[in-house]
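After the C-alpha cells below, expect a handful of questions from me.
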Amino acid sequence: MSRGRFARWFDMRGWTLLLIGAPYVWLVILFLLPFLIVVAMSVATNTPTAPPFSYGGDHPWINLEPFSRVLTDGLYLRAFLTSIMNAFVAMVLCLLIGYPMALGLTRVSKSWRTILLMLVILPFWTSFLLRVYAWMGLMGKNSWFNGLLTDFWNFLVPLDWAIRSVPMMHTNFAVVLVMVYTYLPFMILPLYASLERLDPTLDEAAMDLGSRPYQVFLDVTLPQSIPGIIAGGMLVFIPAAGELVIPSLVGNASQPMIGKIIQDEFGQARDWPMASAVAVALLVLMVVPTMIYSRYQAKAEGAK
Amino acid sequence: MKRSPVFLVSILCFGFAFLYIPILSMIVYSFNASRLATVWGGFSTKWYVSLMSNEAVIKALVLSVQIAVVSATIATILGTMAGITLARFTKFRGRTLFSGLVTAPLIMPEVITGISMLIFFILMADWIGWPGQRGFTTITLAHITFCMIFVTTVVSARMVQTDRAIEEAAMDLGSRPWQVMFDITLPVISPAIISGWLLAFTISLDDVVISSFVTGPGSTTLPLLVWSKVRLGVTPDINALATLMIVTVGIGVAAAGIILHRSEKRRLAEERLAFRNND
Amino acid sequence: MAAQDDAPFLRIEGVSKSFGTFEAVKNVSLTVGKGEIFSLLGGSGCGKTTLLRMLAGFETPTKGRIFLDGHDMAAVPPWERPVHMMFQSYAIFPHMTVEANVGYGLKHEVGLSKADRAARVAAMLDLVQLSPFAKRKPHQISGGQRQRVALARALARQPKLLLLDEPLAALDKKLREHTQFELMSIQERTGVTFIVVTHDQEEAMTLSDRIAVMDKGEVRQVGTPTEVYESPSSRFVAGFIGSVNSFEATVVGREASHLRLDVPALGGEVLTRDMPGLVAGQNVSLAVRPEKLRITKDRPEGPNCLAGHVKDLAYFGKDSLYRIALPGALVQAHAVNARRGDEGARIADWDDAVWVSFDPSSAIVLVD
C-alpha cells in the first residue's frame, strides 16, 4: 500500500502536533497574550488619547507611578485590606461549617451519603448570581428572615435596645455571609475527599490505645486532613478576594473591594495603567497562597 | 456502620438548611401575588406569565444559550485535546508553559481575566481592525478560553485513570494514532467529555463578570440582564426566573445522578456475576 | 519442535535503550527462530519489558537494529508491524463486545470482505473457546476469559511475531497452570513465534523452548530451560532460576575427569565435574541445588560427604526442606517424601546428626 508523504508525516508527527498545537496556540493568543498586555500596561502612562495609554513621552519608558500609588494611596490599601479581611473571614467560616459537615458526610450510611453529596454539588450547577440573589430576598428589611432575627434580638435585649429590623444589606457582614453561602461547597468537597480516604481502623486503633474521641480527632483525623483544609481554603479565598458581583449587590459601596476598584479605574476613570497595576498587585497577592498550596500538594504527592 | 454522633448530624442539618433555605424561600416567593417581593400577599403565578411575555428576558436567554452552546462545544474540543496532551505527552518542548497555561486561568480572579481580554480586544480592533464590534463573538471567545480549562481538568483526570495500554493495543493492531483516538480514546473517555461539555455549558451560561467586560452594545446575556435588574433590588419576576432555572437544573442534575448511579450499580452486579462464573 | 531455519527469524543486533541517563537495555543481541517460544526472564526493572516494547515499536532503540524476517524494523511504526502484543493488563477495549475486540485489527486488513472477517473472528473465538461469549462486554466476563480475548485479538491478524507481556501474572494460581498448557497448544496449532516476558521462572521453564535471563538491562544467559537450570553460566543465573547453595571456592587441581576444589565453608575439599579453562589457585564459586543434596543417617560411599546436624525442617507434603548446619555453613536440602507415613518416617528429625552428600556431576562451578 503506497501512501503519500504527507499522510505518513501526519501519522507519525502531524497528528500529535495538531493535538498539542491547537489548544496551545489558542491559550497563548487568548490567555497569555492578554495577560502579558496587562502586565505591560501596568507600567505604561495614562494619556487622554484613545486607547488611553502611551509609553515614553515626558515619563521614562517604564512608569512605576501606578505601582507606587497602589502601595501608598489609602484608597487602594483600604480596598486590599477589605478584600483580604472579607475573604479570610469567609474562608474561616467556611472551614468551621464545612469541616464538621464533611466529617458528618463520611459517617452517614452509604445511600444517604450519595444523596447528601449530590445536594452539596447541586448548587454548583445552579446560577451563582441567583444564589446571591436568594440571600438578598432574605436579608431585606421586610423579609420573613430579617423579621425572625429582629424578633429574636428584641426578645433577648431590654426594650430600649429594640430595633425595627436588622441592618444586613449593604454591609461587609452581608458580603461575608453570601460568600460563605456561595463558596461553602468549594470547602466541603476537598475536605470530604481527604477525610473519606482516611482509614477508619486508625480511629479505632487510637481509641483502642486509650484516646478519647476528641483526642482521636486532634491526633489522628485533623493532621491527616490538612491537605484538604488547604485545598478548600485556597478554593474559597482566591475567588472571594477578587469578588466583584457579591459586593456590588449586597456590599457597602463606601467600602469597595479590589475587584470594584479595578472595574472603576478601567471604566469610569479610563486609567488603564492604574487598573492594570491594581490587577497585577492582586495577582501577586494570589500567587503567594497558591505557591504554599502547590508546595503542600507536592509534599503530599511525595509522601504517597 | 458507625453511629453518627449527634453533633455531626445536627451540623449537617444546619449546613443543608443554610444551603437550601434561601433557595426554597426564593421559590416560595416567586408565587407571591404581592408586588413587594418580600412581603407575602397570597398565591399567584402571574410573575411567570409576565416573565414569558418579557421580550428582553427571552432575547437575553436566547443569546445566552447560543453563546453557551457554541462556546461549550468549541471549549470541549480544545479542552479534550489539551486534557489528552496533558495526560499522554509527558515530554515535549514547552510542556511546562503548557501546564501553566491550563492551570493559571483556574486561579486567576475573574476580574483580571475579564479586563485583560477587554484590553486585548480593544487593542486588536485598534491594530488589525478586528473584532470590529464587541458582542457575541468576543463573549464566545472569552468563554471558550476559560471553559476549556475546566474541560481539560475533567478530561485529563479521566485520562490518567484510563489504562494507556488500550491505546497502544489499538495501535499495535494496525490503527494510526488518529484512528486510535476516534476508535478507542474518545469513546472510552466519553463520560468525561459529556460532563466536561455540561460543565462548560453551565459555566458559560452562568458567567457574569467576564461577560460584563467583553460585551458590547446590544449583547446582553441573561446573567448581565439579571445583574443589572437585581442591582436595583429584589423583584418578583426575577424570583420566578430563578425558580425556573434552578428547578430545570435541579431536575437535570438529579436525573443524571440517578442514571449514573443505576448504571454503575448494574455494572458492579454484572462484574460480580462474571467473577463468580470464572472458569 | 522449533524448526530453525538457517537465517534467524528475528535478529536483535546490539540494541540499547536509554531514558535520559538511565540505560534500560544495554547492548542486547539475540536471535529467535521461527515457531519458537522464547522467554525474556528477569526481575522488575531488568529491561525485559522495554525490549518487548521495542519489538512492538512503542520505543525506538537508542542504538542497534532489529530485523524481522529479513526486514529492518527501525523505521516501521507500530501500526505497520506484523507484530502483535498481548498486554499485561490485557488492554481489552472496554466499550466493545468480545467479538468486536477480536475483530478490531481486521478492519485494517485491505481486501478482507465482511463475511471473511466474521469467519476469521468466529474461528479465533473458537480457538480460545469463547464463542458463547461473543456478544458480551468485557466487564461481563471473568479474568481468565479476558486473557483469552486478548490472545484471540492479537492472533486474529495472523502476526509473524506474538509478544506476550506477563501473560499469566493476572490470573490466580489454579487458572495459571491450565492456561499455560493452553497457550502452548495454541502456539503449536498456529505456529506463530511467541516472545514471552515474565518474571516467573517456573512459567518461563514450562512455556519456553529457550529462555534469555536478563539482569540490569543485559542478557546474562540464553539457553533451553535445562541448560539455564542445570548449567547456569553465572552466579546470578544460578540464583535467579531456582534456589541454590553457593560457596566460595578455590581450584586445587584436576584428577581423572574431575576437578578438585577447596571449599572453606564446607571444611575441606570436594570433587566436581571438570570444566575447561580453569587453573589451580583460581577463585570460583561452587553451587549445588537443594534437591541434588542427599541426606543420610550413615556416611554414604563416595566423595563429597559432609557431616552436620538438622537445624530446621519444613514439611510441604510432597517434599520436605531441611536446613542443615555444617561446620562452616548452613545448607538447604530438598528431600522427596516418596514413602507415605507418619512424622516418624522422615529421614531425620530436629538436631539429628546427618550426612549430606552430592554427586560430583551435579555440582556447578561458576567463574562469573
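Letters A, B and C mark the chains in the order given here, with residues in each chain numbered from 1 onward.
Going forward, a contact is a pair of C-beta atoms (placed from the backbone, for glycine too) under 8 Å apart; a residue touches a chain by one contact, two chains touch by 3 or more.
Keep in mind the model is a prediction, meaning the values are calculated, not measured.
A comparison of C-alpha centroids places B closest to the centre of the full protein. Comparing the CA-atom centres of all chains against that of chain C, the greatest distance is found for A. In this assembly, the C-alpha centroid of chain B lies 54 Å from the C-alpha centroid of chain C. One inter-chain figure worth recording: chain A and chain C are separated by 58 Å, centre to centre, where each centre is the mean of the chain's CA atoms. Centre-to-centre, using mean CA coordinates, chain A is 17 Å away from chain B. Each of residues 11 in chain A touches at least two other chains.
Chain contacts: chain B has residues 176 touching two or more partner chains.
Shared interface positions of chain C, i.e. residues touching 2 or more other chains, are given as 79.
Residue ranges on chain B touching chain A, taken from their complex, read 1-2, 4-5, 7-9, 11-12, 14-16, 18-23, 25-26, 29, 36-40, 78-79, 81-82, 84-85, 89, 92, 94, 98, 101-102, 104-105, 107-113, 115-120, 122-123, 126, 141-142, 144-145, 148, 152, 176-178, 181, 202, 205-206, 208-209, 223, 226-227, 230-231, 233-234, 238-239, 241-242, 245-246, 249-250, 252-254, 257, 261. Considering their complex, residues 56-58, 78-81, 83-85, 87-89, 91-95, 104-105, 108-109, 139-145, 153-154, 157, 175 of chain C touch chain B. Chain contact summary for the complex, chain A toward chain B: residues 10-11, 15-16, 19-20, 22-24, 26-28, 30-35, 37-38, 41, 51, 97-98, 100-101, 103-105, 107-109, 114, 116, 118-123, 125-138, 140, 142-145, 181, 184-185, 188, 200, 213, 234, 238-239, 241-242, 244-245, 248-249, 258-259, 262-263, 266, 272, 275-276, 279, 282-283, 286, 290.
The part of chain B that touches chain C in the complex is made up of residues 163, 165-166, 168-176, 183-184, 187-188, 267, 270-271, 273-275, 277-279.
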